[in-house]
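One structure is given below, represented as structure tokens, and several questions about it will come after.
Order of writing sets the labels: A, B, C and D. Residues in every chain begin at 1.
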């Protein structure tokens, strides 16, 4: 079922929020106000938003090193996100995590994770909890094409399949793992084919088409809620920026490949779709939406900047829960 | 191509050697002359022998905790094997390894391994070496149904497939991992189905039919030698004894299941096959073969018993190669 | 009080805590039958051989309101799960700013003496102690084990319970009624005045035997069992060393960067304790080698009561 | 001699050894471009993200006559491969009775100061030191790094090369011609007589800076850089401590069961060295916490030249 026009506009707003948030985050990273590393999700917004648009607040997701999009799509607070990037006390992790470790357990966002494939088992455990609770909650694992070659992916898929856990495994196949192309590391282009070995559905979807992603996710979520077990969804997509903002690592991706994918902009696509359908989005509305989004980002930056840094001694807190 | 009658008799002799060796090893384990742990392969002899009968001396294999059968099939010396079980200086590992760690690099036996799935990557590396050498060698990984749920299995299959390594992955599906049945831990009965995700052949074979195993392995070996990459072969088989001789852990396997499988004895099957073919094996020949096998085991025990224990201080040697 | 074995003590602790709290559940590659019988296969799960996934799943389940117990069985099987231990379980509470709790019990048997060779005879607790964010116990008696396990299950942090294989069959008195022991409190297993032995697990029993023998020679030995490795009860250890002026650390693990090195450093870096030291601080550990299979070699590797007694004599009455 | 960076030193060592020996090849999840250019993608392989498999494959390739280099990149990525390190690489030579050699170089960057938070800021070398069967280097200068890497590649055992991220950009003089440095030989980076600082990696430079400042106050500091962690050059360390009578160990890793604990214990358990000690042995380490992201907190965690100087003053001229 297609989401309602309102819902679609909301999805558009979220996608644009992710993009604007990261444009700002990378600017401020290069400007020196954000530290460490920033991995941008720009170009892949349709995956996070398409999937999360099928979830309830108490459904859970887990993310990767490239986590801003998943946070925003799951409803995280931009102020606390930006404050975390700025290393402030008001950040989601009190300044302890930074870009790679934003989490909000209150909205079922179990965290970005700096270890490739590191979150897959964790969210599978959340899926087990959901099954034990028996309230129809589901858990979603986001991960990359690179992660699909790591052991924990396999172990988790197998357990989820064997125990019919309500988990949706969403592979964001952006064709590269850092500098290494998936063509070099996968004998088989389609990661979805791996589902076969576990007797679960493996679905391929255009990851730049938010409505297609939504559709595939909705089906998988329904299956999971019905107790029928996990689904592997492979979203074919592409990142626009380099692997990280951190260093000028070489980018071996061919110019023409990048160009082709830039033309598949998931946001422009949804805008065009809404515009093409009488009255669902006008140019003016779209401009206004973008202005609002930018205002939200501006506010978040303001919140971050006006928040204090944690006291150095706060480093000693939170080692253990008491 | 069927192996020649001579070759088949040799295969029979090897299978019987494995069985007699382990009957003795478990007796001597329970008698106290062998320490630690012994995992018996009895019932599964056709797998090791069927596969190794397609290999050359310089081809390499790696084994599991259940390693005696692979050693013998690859041509290991019974004296040095038994001496190792007896913890003697003349053992394959100078008494440092015991049953779980017999290796003979000289014959391409890269070792039994106490960690489930622990050897799969190692032998995949041997396969890489074979590919780099370019002499047509192949490498074989033996592992259990239990191991097929562990991450290293997946990682190795993927790399071998992506790099077209000359590796044959042989899953000994004996339906159980220790006390836990494969039905509980695999959503999908056939482990061979996992090959699909890596774009390589996944073959199922009757693991109690040594000629069938030989045929499947020969095909996979030819493919590997030709540079076409790995194959996953799943051998359906069954172990006759408990998981280990070590403790009286409960054995949850149903009586009738055990009975059914005892009737599928791979050795009796080959004997019957040879007998049924005019003149290839007589009762007298078979009895004589068994006597010879038993004599070999007796000799090995004699060798072990007459060998000295290592000096205690030898514990300090071999930490590093010099 | 009743006499039960060390192995029974764990099972009792698990069963009692599972009765007490429906959020406690158990996962391992082979499900323990007594627990399956009482609690059923949903709460006592037999799993695929995928310790990495189990270890991680416990984190996700804990972060969702459960209190999982993951039995790695032998400690050697947890190395496939090391990333989940090091990078997730130990750090996740901290790096997310303390926003969620992760009450998990990981359990592993440790130690040698079983003729199981290098891979299956390990005592690597110090590898985990080096990490910040995990608590750890290593009890030496059924009483300590049961009481600490129950505290560990109730603790809101990931705790690793190391249990000594060598002690599984040893017996000890344990109360009928519910009791717990606090994490982080050492136990003085024997009082003495000439030398302090801080001993771990099996070495506690060997040290007590050595102390008995040494008493006959007029050497009075104090034996301290930390019981908890993290947090370490450094106050009790230092107080004892200040009293006796001498310290021997006895542990079957290899010495290099081991718990024994830590205990040694904790004693010698405290000015007040250092000032009381009357001689060098000795580690009596397993040899720094993988553990060999053959009995003569294996026994040679480990410190036993004779070696402990000899080391004490040398410290108390140095030859030169 | 030419000046090159610490990062260049590794690349040079790899390139030279690959030229020298066709059996050397390189695997990592991102292939280093200069090496790919010179040696091609067959010898310098970009791999799937499967460090466990890579680590194991190196063992199989080494046992088949090759000399693989596996670059784990940041040390945090090797924990997924821990089983292959602990149970295979470290033990396989020993448990098979020495019948085959496994010449492997594993490489990993370590340390913090990069604002990369807990998972990506680790210094866990002591976890590996605790194992028997692995050699390990942790050099602090381009010269030491290159010379030790070349020895490590030529060594017939698995060696782990830890390289300090903080030092990647630092420069130093390195000979034009082929040279190696022996594993297991410490370097006295500065001679002194009032106190010995044994320092690791980045802490070597901080200690040298502290020593310079302290010289002006009349305190003469000896700075020893072990360079190799296994085997540890205990003779050089003890000789220095016997000379100065005081020991401070400076390391950015957390203290608990760390290399610093080991070095402390190595000094205090030797009767002759203990007899020369004029005061407690101090570890000045990173705090025992996961590493936080925000700069103020992160800097608070690590020992720097000021903290080192303060610790030395306190040891040499204790207040009480």
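Note that in this section a contact is a pair of C-beta atoms (placed from the backbone, for glycine too) under 8 Å apart; a residue touches a chain by one contact, two chains touch by 3 or more.
Fair warning: this is a prediction, and the values are worked out from it, not measured in the lab.
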Neighbouring chains common to chain C and chain D, by label: A, B
Furthest chain, CA centroid comparison against chain B: A
Rounded Å distance between chain A and chain B, as computed from the means of their C-alpha atoms: 45
Approximate Å spacing (C-alpha centroids) for the pair chain A, chain D: 37
Between chain A and chain C, centroid-to-centroid distance (C-alpha), Å: 41
Residues within chain A bordering two or more other chains: 93, 95-97, 101, 113-115, 149-152, 155, 158-159, 162, 184-186, 319
Where chain C touches two or more other chains, by residue: 47-48, 50, 52-53, 76, 80, 83, 87, 94-95, 117-119, 132-133, 288-290, 292-293
Chain-level touch network, classified as line, ring, star, complete or other: complete
Interface residues, chain B side, partner chain A - complex: 149-155, 158-159, 161-162, 164, 184-188, 191, 193-200, 229
Of all residues in chain A, those that touch chain C in their complex: 60, 62, 91-97, 101, 103-106, 110-111, 113-115, 118-130, 132-133, 139, 151-152, 155-156, 158-159, 162, 317-322
Residue ranges of chain D touching chain A (in the complex, touch as defined): 29-31, 33, 46-50, 52-53, 76-77, 79-80, 114-120, 287-290, 292-301
Chain D partner contacts - residues on chain C that touch it in the complex: 52, 76, 79-80, 82-83, 85-87, 90-91, 94-95, 117-119, 122, 124, 126-127, 129-133, 230, 253-262, 264-265, 268-271, 273-274, 277, 279-283, 288-290, 292-293, 318, 320
Interfacial residue positions of chain D with respect to chain B in the complex: 25, 42, 47-48, 50, 52-66, 68, 83-84, 87-88, 92-102, 132-133, 135, 156-157
